[in-house]
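Both complexes below contain chain A, partnered by chain B and then by chain C.
Then we have the complex of A and B:
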């Protein structure tokens, strides 16, 4: 609802940078952490937040991103272990009120739930959408063939 | 609707294998193609379809999977270029009536649409879900902190 929150995003890949651009544009204060500096190029020119170059599994990197002041943390890296660790530290040690994590292996979702972390599994979501699309059957524009 | 279709799935990773297991269990004839044989271990013991080991960008591999008889083709690999090529060949050369592809780079979606291919972009879908979750604000179970 309110758009002036302090949001820390871990990982500046396609998903992380998209979220950072969108949430910054919406008026939030955004900090993006990535250990790979060139990924910051994915941020749009009007991104008004901070870039923190470093490994978010390191406590001092998280502190440098002012995680202790964060309203929201989103872990978006490509590694479930990294996301789980960062999310857990944010929640348990720094008491970040709202923590979300991307999770690739659906089997891990239960662990997150027990830790009070919201999860989104792109594979599960995509899978449901594919199954729905197959069930509905589309394309079939035979005329489109050459 | 009908569950006795002939479905070719390219890529037996997390998404491909999940779809293969589900669609096979639902009564469809499923063929899965992957160039990496160990990925077939992701298939469940009751998967009743065929495994084709090979590179789906090779015409003879697609022919070996009987793509000419397919009602549906789903390209699920981790490479947009592979998915685009396979989907295009399926649609244009073999006239597969319903072709779906996973696409990582949303900028490519337009090309697919012009080719009459249904696309699903897990990053876009996940991104929307994260933004909705952030907007709604959840967790906030301060009591869950230790």
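Then we have the complex of A and C:
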């Protein structure tokens, strides 16, 4: 993985700030956008990227973050619809080559896969892991079951 | 005609009332339970309480058989996703989204949803009203690529007393209707124009100004 990419992260919550800290430390140029300024406190002291305070569903804010130059955009806000809109705008209007969106609702995810937006659904991922853990637990204790 | 409207507030209330009065089957989707109860009491419409960008709620509201969906919530991202889900998952043929941020009207169009901005519409109405009282822009057609404009001719108009065929009109413009004494006439070249006539013009943005000038003189 190249570590000198220009990465825009939308949403500076737990996931967004974690990704921002990590990707910045790895040598990428990172811009974080959040409409809530205090969330930038989640960024670690060695975060060397830029903070943009604003609503990413507004074109002006995205342009201010120089989205047209981005190699990667990751939409991580807690609102599915914000992530889906920003991801589509990044991909189809600003031509960002690699776009990822977090989408909690698996039903919504299906539709956007059709539209060519790469999504990660924490609900599906977590439920798969839980199911696997439960299944494994069951086989380990097979003898004990009545 | 079955129309789904997602949103709340007075815009939604009056739109729904209008549509219902025209005999449309109206289904409202609103997230606020109290507002839903109010709407159900006041309107002859079906009210579904829930998130309009949730596929389950859209299904419950009967999106499958709807002819159109109108998303007018205060959040552009919700309006976009509501329309995309309705069109992609339920095959709703016509989707219209309100762009609260006027810039998003174009964004929506590029993403396959027809968008409009009330801010922009009201703004341009005020500008037009303020600039010239005798000209009324009736409606933009084809995403604003065609204008339908009404002009009331006064005595100073250079076209008054002329036959239509003698008026020098720019390319791609049409006098669609002349309304004289409340009687509409679809004119031909041999019709004349008189002061007091209301002339309905079809123009394109590039010739809009010159056409208006031809009818009002050099006053614009």
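Here is the rule we use: the second predicted complex is superposed on the first by the 137 of 146 C-alpha atoms of A that agree within 3 Å, B and C clash if a C-alpha of one lies under 4 Å from a C-alpha of the other, contacts with A are read in each partner's own complex, and residues count from 1 in each chain.
Please note the rule applied: contacts are C-beta pairs under 8 Å (C-beta built on N, C-alpha and C of every residue); 3 or more make two chains touch, one makes a residue touch a chain.
All values reported here derive from a predicted model rather than from experimental measurement.
In the superposition on chain A, A:35 makes contact with neither chain B nor chain C.
Of the two partner chains placed by the overlay, chain B and chain C both lie in contact with A:92. Touch criterion met: A:15 reaches chain B, while chain C stays clear of it. By the document's definition of touching, of the two partners only chain C reaches A:60; chain B does not. Contacts of A:80 after superposition on the shared chain: chain C is touched, whereas chain B is not. Applying the stated contact rule after C-alpha superposition, one finds that A:108 touches chain C and leaves chain B untouched.
Looking at the superposition, the partner that touches the larger set of chain A residues, chain B or chain C, turns out to be B.
On chain A, the surface touched by chain B in one complex and the surface touched by chain C in the other have residues 92, 105, 115 in common. Within the complex formed with chain A, the residues of chain B that make contact are 1, 7, 14-15, 18-19, 22-23, 72, 74, 76, 91-92, 95, 97-100, 102, 104-105, 115-118, 120, 122-123, 125-127, 129-131, 133-135, 137-142, 144-146. Residues 53-56, 75-78, 80-81, 84-85, 88-89, 101, 103-104, 107, 110-111 of chain C are the ones that touch chain A when the two sit in their complex. Across the complex, chain C is touched by residues 57-60, 79-82, 84-86, 88-89, 92-93, 105, 107-108, 110-111, 114-115 of chain A.
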